[in-house]
Structures are given as structure tokens and as C-alpha cells.
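Take this structure first; my questions come after.
Chain nomenclature is as follows: A, B, C, D, E and F, assigned in order of appearance, with residue numbering initiated at 1 for each chain independently.
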Amino acid sequence: MWENMAQIFNKLSSDPRVRAIVLSGAGEKAFTTGLDVKAASEGLLSSDAKTDPARKAAVLRRHITAFQDCITAVERCEKPVIVALHGFSLGLGIDLSTATDVRLCSRDTRFGVKEVDIGLAADIGTLSRLPKVVGNYGWVKEVALTAREFGAEEALRVGFVNAVYDNREATIAAAFKLASLIASKSPVAVQGTKEILNFSRDHSVQDGLRYTSVWNSAALQTQDVSAALLSGLQKRTPTFEKL
Amino acid sequence: MWENMAQIFNKLSSDPRVRAIVLSGAGEKAFTTGLDVKAASEGLLSSDAKTDPARKAAVLRRHITAFQDCITAVERCEKPVIVALHGFSLGLGIDLSTATDVRLCSRDTRFGVKEVDIGLAADIGTLSRLPKVVGNYGWVKEVALTAREFGAEEALRVGFVNAVYDNREATIAAAFKLASLIASKSPVAVQGTKEILNFSRDHSVQDGLRYTSVWNSAALQTQDVSAALLSGLQKRTPTFEKL
Amino acid sequence: MWENMAQIFNKLSSDPRVRAIVLSGAGEKAFTTGLDVKAASEGLLSSDAKTDPARKAAVLRRHITAFQDCITAVERCEKPVIVALHGFSLGLGIDLSTATDVRLCSRDTRFGVKEVDIGLAADIGTLSRLPKVVGNYGWVKEVALTAREFGAEEALRVGFVNAVYDNREATIAAAFKLASLIASKSPVAVQGTKEILNFSRDHSVQDGLRYTSVWNSAALQTQDVSAALLSGLQKRTPTFEKL
Amino acid sequence: MWENMAQIFNKLSSDPRVRAIVLSGAGEKAFTTGLDVKAASEGLLSSDAKTDPARKAAVLRRHITAFQDCITAVERCEKPVIVALHGFSLGLGIDLSTATDVRLCSRDTRFGVKEVDIGLAADIGTLSRLPKVVGNYGWVKEVALTAREFGAEEALRVGFVNAVYDNREATIAAAFKLASLIASKSPVAVQGTKEILNFSRDHSVQDGLRYTSVWNSAALQTQDVSAALLSGLQKRTPTFEKL
Amino acid sequence: MWENMAQIFNKLSSDPRVRAIVLSGAGEKAFTTGLDVKAASEGLLSSDAKTDPARKAAVLRRHITAFQDCITAVERCEKPVIVALHGFSLGLGIDLSTATDVRLCSRDTRFGVKEVDIGLAADIGTLSRLPKVVGNYGWVKEVALTAREFGAEEALRVGFVNAVYDNREATIAAAFKLASLIASKSPVAVQGTKEILNFSRDHSVQDGLRYTSVWNSAALQTQDVSAALLSGLQKRTPTFEKL
Amino acid sequence: MWENMAQIFNKLSSDPRVRAIVLSGAGEKAFTTGLDVKAASEGLLSSDAKTDPARKAAVLRRHITAFQDCITAVERCEKPVIVALHGFSLGLGIDLSTATDVRLCSRDTRFGVKEVDIGLAADIGTLSRLPKVVGNYGWVKEVALTAREFGAEEALRVGFVNAVYDNREATIAAAFKLASLIASKSPVAVQGTKEILNFSRDHSVQDGLRYTSVWNSAALQTQDVSAALLSGLQKRTPTFEKL
């Protein structure tokens, strides 16, 4: 399923008809039910076939990397991704949503970095991305070391989500409204903004500025700038070519 | 104008009579009216003279870099810079204020990362500095991708500004009060604190500690330390030599 | 005293009987009274023996590095460290507590990055770690440049502490409760989570993910995972071997 | 063809039957004839369909990235790759061979970073990897800025190739001999060595050491260590399980 | 004089008539006579006016930084710089030539990292750039710690210079020939190659590749590519527009 | 023994009577006989007591880190370290000598990165430091993946050693001569040069320059500069105070 998701995001990334993406959970109760514990424990038993710990480690490392790459496909997607969370959004729900750009949730959402409770350090992205999403290591350490759940209000207060809505439907509606707003802007400007923000997160300000100047040396040649400027002067709604 | 501003900050940086700087907008309505859209669109048309996109890119890149360097002069200024914001503080107002050390604003301030609305990714500093100022990528992505404006209360809540005041005058007065407080401290201590915090933002904790120990190996030899310690013991107000 | 503390933390780090650590101040009035100003000023006078500024700098640098290493021992300790702060927690109290994982405090705690008031830039860790703990450079610059004190409420609001309690006793009790909760989890999972979060703070997301996959390639082979999964299925409390 | 090559290397990377890989050119005259200039110029004309330079840039960037990823698959391959070069090994031949671990060549090999001669900066890997392979920026700048060809002797002198052989056959034979030697060693040791060297190239020594200790915390648990030690004591040739 | 040199290189950097630069020494005996020791020792005495070591340190740091920036202007110059060295090329001659792209010298050149002999660690660039030019830390440590001089043959052997010529005239002639060759190539390709090599020196391979793809997304749109490809097919010498 | 060595180097590092250090092997046959294979294999068997692979990994990681720290003590030693190698200098001999500043060897020295032959990736420093010492990844990959031995001539050619001497005595004599030469220079200049070169190895040129300017802001205040300058003018041998 995760490889499938990665393939979809890779496609959406360069599909010119797509300008913004909303990701939501289909079920009523949960955004994601997380890891299937039963299946996973069976999997662990079967991997016991290999007895050399170093060879087992190689297999595990390849598996973790492949799984990480699936989640990273969401972050690498050139189009902004908005996630609408609700219900249980534990474990993998956190991994996945930290790779998106904007997080909205319903009042009933239950969050949790639960991996410690199943005997492991979260390894699909939460520990690397969550602190950079919220910017506060103290809070992340507490929720990651204790695996305690937290609700929508706390998620809003620490800046994990951008807004809280009454229920799943309202959250998804808000996500689509936000996506539509972003889709009405120049895709050159929007995609450049996402890329430069992602680059800047992992680099010094000086490197961020240098990358930005090279990026915009091509992007500023777009007709979108004059289209946007002229519609501003003429009080018209601009339309922008696909990207 | 921007090159002028850079030259002024370069001068203030090493002028020993200066201990702290307050930056404010002269007009009633706006801290900065941002980019002059009309002039800019004329500029864009004229740069159409060059037809080779790679050569156009070189010209644009040099121009962006020169503009970035003007803003970076504020960050590099060795003396703390406090900005008093009010009214419209869009686009370049954000770029500029993220390069200062402390941001204060009046209740009526209208903020906005507006560049997406004119068809471009902000390239003068906002996308590299704003996330590190507020520490939260989720909120930054939303305001940068949508170009929606936000007010003083939201700016305070996310930590973009340190305090909100009733109006422009009160904000500037508070900025001067803060600047005076900082100016009453040892300039060796104050300038070292600014420099080490700026260095640490872009480096690992280990690198930050190493740089700090080298920096203070000279700075701790100052007479300001004993002056400060003795005035503390004697309940006197210390005076510190210029720097 | 500080070298002593480092040695203790180095020991606790690999002592298999230890799963979580609570650090608190013994006195009623203060978590730490900070630097002994009188002793320090005498120290400064005596170091005046050396007259060559470069040689003095070498002595100072070695001294600062040794002091930093003592504080870093707390951060490097493989077991989570919870600090219970109360009363005066100025200067070194901030340096020390930013090296712990979770900060709790009592309502009466007085915080302050006071070093500027004694003529120096904080050099034992605060300027490198505090901004990464709270994630907000604007607030850190203000409190570090002005040396103004702040209380428990402000510390909670900016995310410097995770929770505020009525008094010293309640804070310590809460710290022990939190430590017990963490101690009930798999030590493989807990110690891996601390290490990966510390690594990720100083590296790009991509580097964080790579390090995580290698770390967990050994850690996932632990019996704790199946122990945790099975107790989850059987609604039992798991017990985990020492580490 | 390049995507095909990437897929093959991705497969070889985790195929336990493979312990070392030899890459060579099938033709008599050339390791690679490089870019098909005619096809490429037709390609450029067709991409002229898009007229917005920013949108063209997006298409080009995606294309370059996809091409780079193909070459990077060789570097990421967990098994050592030895390349046997002969005849014309220009442009893409350099890009490709810098992503391998060991380069051998025949006396008649003609090397060249030729991209400048077709109006572009090499963008598939040469400019990032070649300086780190040979370690000398002065020589790299000269050959990259002038596009002048160089022969086997010069390649040996600057350390671009490890050895020079009389002809294509002798080079391939030597490559297989080297591959066999590597294949006779513990695959846990060999693959760890490649990975740690690749990691260390892009990180500080301190980071390299930290990564190494975590990597080997799993790898040292292999039975290969005792197998190797015992065969050493008993003067036997050890055999190692697949990986 | 050095600020003058920086201004000249800043101008040459964006002057479209310039495609490559040759830097040589005017005198017969020396490329540079290095620091004027007499003037410098007088300067040191006068700076003794300031008595506070921390304030002296600030003045010295600003002075070193300003001097470093002059040398860095050579590295930042967008056009390739070839230096023709002869005679005494000590101290500042090394600082300066490590900031150029290609170093040629005459047989009589005397090199030396002489700063240790005047009581200081070289601080204008040699210690940061020389190891990355030659790629070998062992040799650099020896010549920098002992201040021993070395000649043209040794400089060639370790890769500090690209070639050695009989005398100053022959060296300058060779430099001009090399500059002419580079000037005959596409300036888009040449300047991109210099920039990407400089960026890659200071970044990981992965970062280098990402920067390259963004850089070339604009650069590949140049008419130079098709001009170069077509002249290649038609065996004509291409001409390229200025940049 | 290794912890002992680290303690000695830590002491020498700040002992003002020490200006340069020569490290040599006492035996006739070998600089180091490397790992005691018999003892090591017994150690491995005993560590089999622990059965949980994750807990075993923690023990191994702590052990590797402690061992690495011993070798790093040589690199961190503030005084230059010259190693005189002879005879067998395999495995740990490489780890250790890459942490020194200058390597000299006798004609009979046998080098080898032998770890792969005992089933492991070298983890005490070789894989992180050797490529940065010689600057060439191609050669390092070959000798590390094959564990083939190499002699003094090859070590000289690739720049691993700075010079080759006839026998152990001549090598040690040369090391002492080099150490004496370095000891005759200003210790402020010498120790600063070592530190800045070590820092620059792991950082960008821009970071290296910034660190240098801060370092020298204290170091240039030394009386050694005027002492050196004046003795230069007066053709006297300067004497420098201890450090």
C-alpha cells in the first residue's frame, strides 16, 4: 500500500493538471489505524529465519529505507499537500502527516507518537521531521518518550496543526478550500515556494539564499509574474498556465 | 534605496558610538509599501531586451543576490537591531524584519508574505529566515503558499513579534526603551551574544559550542566583566567603554 | 562540582539499572544560585598573572571547553533526563536545563539568561541550545540581549518548560511520575528515541532518516518488540530487560 | 537505457548472490560514445514547444534529476562496483565512472569532461563527484573548463584511475580479478566499508565516526568475524554466508 | 591595494566583455613581496592604543574579515581566473592564488606558507583553501607548520600548480593561451562549470547534484547549446553571445 | 593501553613545556602489531553472554565510541604530532597515524587497512580520516575493500606519508628534527595553524574563514608577532614564551 502511495505522489508531482493535493482518511473512526500489530508480529517471527544479526540488520535496514522513501515521496511531491486528519492518527499517521505541507484536523483527532509502546524508536520519519514542523524539542521529546496521546487542542497550541474543525467533513471541506486557494495562484510561485522552504529547512540561511537566487533566475522569467502584476493593476483574476 | 540602507547598516555596524539600532517606517499608513508594482512591471518589460534565457537568468541572479545582500547587511550588523512595525508590512517588510533581532509591532499592523500573489517565490530572505525566526514550518508554509495576510495577534501567537503595542508611536517608544536597555549593557557581551546566536542558528550544537569558546577566549579578557561584577557587588550602575 | 556532575552522568549513561533520571535542586530558594560572583572575580584577577593576551585566550578557551563538556555530558547521557526547576534558575540553570530532555518547573521559578549582566556572552551552552529547545529566535534574542528575567508562565508559553506545578515538591513529584512512565517502556525504544532526536536536531531530514535506519537495523532485533506487541495483544504489562 | 541501468543496479544491490560488480563497455572503440548529439539536438528543438522559460525549466530540472538518479543508483549499490574503461570515455563516461568505487583503464583510453564543448556545465554528476574522487580542485577545474582530453597516464597520475592495463581485455581481466578478491572477503565487512566511506565523504570526521559506531554495533555481531579470525588462526580460507 | 583588487574583480565578474582573467605579478623578482613587515610592525604598535583585549579583538576581527573578503572576491568572480606565478610567491601569494581557478608557475617560483614565521596562523584564506586545492592534508600540515619554502617541482607534484614553465614570460604566455581557449567556449557553460565546482567543494554530493539541476534548468535554455551542437555537426567554430 | 594513550595526549595537549610530539613504535619489527586476534576472539565469545541483539549492539557501540575517543585524543591534542612509522603498521597503525599531523616512515614499513580480512569495516577512524588525509577516494576504496598491503613508496606516492627514510632510526631522527623545527616557531602560530586546519577539513571555506578571523582576533594580540617581526628585521633567532 505504501509503495502504491509513493507511486501516486510521484505521478501527481509532475502531472501538470494537479496544483494542490488533499490527503484524507476514508474510514469514519481513523485517519490511519496504524501498523497492523498482528501481521507485524507474524512478520517478525518469519524474519527470524535469518540467524546472523548482521545479515538480519541488512534486511531490516533495506526495509526501513524503502518505507522511509515512500513517506519522503509526499515531501518531494512538487505540489503542496494538505492533510485532513481525524479520529485515530497515531504512529504512521504522524510519520505521514509530517511529510505534508499543511495539517488540518477535526476536534476528535487522537494523535500519538506510539512507537515506543511497541518497543521501537519511530523510524519512518517522525523523529526527524516532527521537531522541525513544530520547532520545539522539549514537547517532542515528551510525547515521543512517553507515547502519550494528545488531542486537537494541544496539536494546535504547539503548532502541529494549522487549524481545528468540528468534524471530519468540515476538516476535509476546509482542506479543499485551502487547496483551491493555493491552486488559484501561479503554480510557478507556489511550487517554488514549497521547494525553497523545504531546502531552507535543512540548510543555513546563506545556503538558502544562494539556492533561492538560482531557482528564481529561471522562475522569474515566467509570464506568470507579468500576468499577476497586470491583473493586480487591472483588478482581474489572473489565469496561469499549467505546470 | 536598498543599497543605501545596506551602506548605513555597514557603517553602524562598526561605529563605536552605536550600541543598538531602532528601525521604523516613516509613513503613517505603512512600514513599507512593498515593491512598487508599476515600476517593477516596467523593469521586467525592459529586461526582456535580452532574449537568451540563460543570459537573462544570469542578470536576474546577480540582481537577486545584490538585493539579498542589502537585507543581509541588517543581519550582519554587529549591533542589535529592533524593528518597530506598523500598518502595511507586507512582502519586503517581512524580508527585512526577519533580518533584525527583535520585532515589535502596533495593533494595526498587516503582515503578509505576498510574493506568491505577484507570481513569484519570495527571494529576498523570507523563505530562508522566517521559519527559523518562528520555528514552525507548518504555519510558515500556510502563509507563504496562500499569501493570506495576518494581524498583530497572530504574529504574537506564533512568535513572529515579541510584543504588540497600541499604535505606531507606542511601538517606537517601546523599541527605543528596549534599545536603551540593551545599550546600557556591556557592548562586548551584547555583540557577542548576537553573533553567537546567529552562528548557532546555522550550525550544530557542537559547532556552536566550539565557536563560542573561541569567541569568548578573547571577549572574556574585557574589563567589562570585572566592571560588571564589581558594580553588581557595589550596587552601582556600570559604564562600559565604546565598541 | 561540574566535573563531578559530568562523571555521574557518564556513569548513569551506561549503568543498566538506570532507565530515566530526575535532576532537581536541593535548596529551597534556588535550583542553582548560578555563578559565585565573588569567587569568579577573584579568579579573574588571578588569571591576570598571564600577560600575553593570546596565551590568556588559550587558558580561557580550555577552561570554557572543559566546562561545556560537563554540561554536554547531560545531553550525551543515553538515558532521558528530566529536570525539575524551582526558585532561582538563572544563568547556569538555563545552560544546564537546555541539555536535559524535558523541563518541568514550579510556579515560583525565576528564569534568566543573565550572562550579559556580568559582561559576557553565555558560553556554557545556552546560546547554542536554547533556540533549538524553544524553536523561536525572536524570543531568545530578546531575553539573551536584555538579561531580563521571566517566570514560569512565560516559560510554558514559549515551550521552554513542558508543564508548571504549584511548588517544588509537586514539580519533583511530577518529574518522578514522568520518569517512572518512561522507565516502564522498552529501554531499547526509549534510548533510541532520545539518540535519534538529538542526532536529528543537528542534521538534515535526509541525514536523520539515514541514521535512523542504521540505528534501528540493530534495535529492531530486540526481544522488546515482540514482548511489547504480545503484551499489547494479551493486555499484559510487559517487562523489559535492563540496558 | 539509463533507467534500465539504474534498475539493474538496484536489483544487484540487494541480490544476495552478488558480491562485487564489474562494469565495462561492449564495443571495441569506446566505453561509451557519450551523448547522441543528433538525437539530443532534435530533443532540444522539440522541447521548444513550451514557451514559458519557467515551465521549460521545470521540465528540464525533472529530466536532469531523473538522469542524475540513474547514475546515483551505481553509487548507492551496496556491492562494490569496479569499472573497466577503454577507448573513448568522454562526458557520460566520466559521470558514470565517478559513481563507481574503483576505476581501471586500458592504455588507449581517452578521457574528457567534454560538456563545455556542447555548451553546458556537466550536470549528471561529474562536477560534484570528480573532485572528491581525485581530491584536487586545480586539475579538475582545468579539464572541466577547457574540455581538453587526457589519457591513461594522466588519469593514473592524478589518481582518477587505480591502474592502467595494456588493452581492453587485460583491463577487464584485471577488473574481474579484483572483483574476485573482494568477493572472497566477508560481505558484511565489504559492504560496510563501502557504505561508511561513502558516508564519510560527505560528512565531518566526527559525524563519520558516530555513523561508523552505530553501523558496526549491528555488523560486529556477524558470525563472519569469528569465522575470519578462526580461519586466520587455522590458516584456512574462510567462507562467508551470502548477503 | 587589496580593496582595489576586490573592486576590480567584482567589476570583471559581471562585465560581459570579459570571459577569462589572467592574474600575474608585474615585478621581475616576485609575484608578490608579501606583507610589508616594517609597515605591519608599525601598524601593530599603533593599534596598541586600544588597551581592552576584547575591543582590540573586535578591531582585529573586522580587519581580518575585510581582508578575507578581498581575496574571496577572486573566488566569487564569475569568470575563470588563471594565475601566472613566478619568483617569490610567499604568504599572501598563496592566499591569493588558492582563490583562483588554475595556477601556472615558472621554474624559479619560490612558494611558502610563511605566516608561522611571523608569529601567526595564516588568516586570509590559505588554511581553508589550500587543503581543498591539493586535496592532501598531510603535505599542507607540514608546509604550514614549518613555514618551509618549496619550489615549482614540488608544487606540481602535489597538484598545487597545473603546469611549470621556463620563466615568467613563458608562464604568462601559457596563461593567456589557456585563457583564450576557455574564452572560445560558451560563457554559459564555462561560468556554470566554475560556479558548480565551487559550490560542490563545500557541499555533499547530493546537495551538489540538486544545485546543479536547478542551475542548469535555466542554463540549458541557452542558445549556446544548439549553437555548439550545430557547429560540432557542421565542423564550424561556434561564436557565443557575451555574458 | 589505548585509554592510557588518550590520557597522555590530553595531558601533553595543555602542558606548556610541550611544543611538538613524536610518536614512534618501540619494537624492532612493528610500529604496532595491531589487534591481538586471540584475545579479541575470546572477548567476542564472552560478549555472547548477552543474547538480545539490540542490547549487544549498545554494548558494542559504547565500546567502539570509547575506542574512537582514544584515537581522537591524538587529533585533538593542541600540539602537532609527528608519527614515525616502521615495520608492520597495519590496522590500528593506520587508524592511529591518520589522527596525527605528519606521517614519516622507514623504507621497510608495511601498511594495510586489514580490517576487512577479519570480517569487519574499520571503525576506529581509518574510513573517516584516511580519505581526507590523502584526498583520493579511488585509492582508499581499493586498499580498504581488498585489505591488500602497501609499502613505503606507494604511501609516499599517494601522499599518505610525507617522506621515507632508510630505517627506523633515521625515521625517528627525522621526526625529531621536524619536531624541533616546529618547536622553534611561535607556539601561538603553530597551535593556531593546527586547529584551523583541523576545523577547515570539516567545514566549508566560508565557515573556515569565519572561524579563522575569530581565532586570530585573540591570537594576533600575542607578543610573538612583534617578537618574530623584530627578530626577522634584526636577523636574530626569536624566543617565544611557553603555551
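Some notes on this structure:
The working rule: a contact is a pair of C-beta atoms (placed from the backbone, for glycine too) under 8 Å apart; a residue touches a chain by one contact, two chains touch by 3 or more.
Because the structure is predicted, anything quoted here is derived from the model rather than measured.
Least step count on the touch graph, subunit B to subunit C: 1. Residue numbering shows that subunit B and subunit E use the same positions for more than half of their mutual interface. Subunit A maps onto subunit B through a rotation of 120°, based on Cα atoms and reported in steps of 5. Distance between subunit C and subunit D, defined via averaged C-alpha coordinates, is recorded as 44 Å. Across the assembly, subunit D contributes residues 53, 56-58, 132, 134-136, 188, 201, 203, 206, 210, 214-215, 217-222, 224 that each touch 2 or more other chains.
Per the touch definition, subunit D reaches subunit C in the complex via residues 199, 203, 207, 210-211, 214-215, 217-218, 221. Against subunit E, in their complex, subunit B makes its touches with residues 14, 52-55, 57-58, 62, 78, 188, 191, 218-224, 241, 243.
Across the interface of their complex, subunit B is touched by residues 37-38, 40-41, 44-45, 53, 56-58, 60-61, 64-65, 68, 72, 75, 115-123, 125, 127-129, 131-132, 134-142, 144-148, 158, 201-203 of subunit C. Touching subunit C in their complex are the following residues of subunit B: 80, 101-103, 132-136, 159-162, 178, 181-182, 185-186, 188-190, 192-197, 200-201, 204-206, 208-210, 212-222, 224-230, 232-233, 238, 240.
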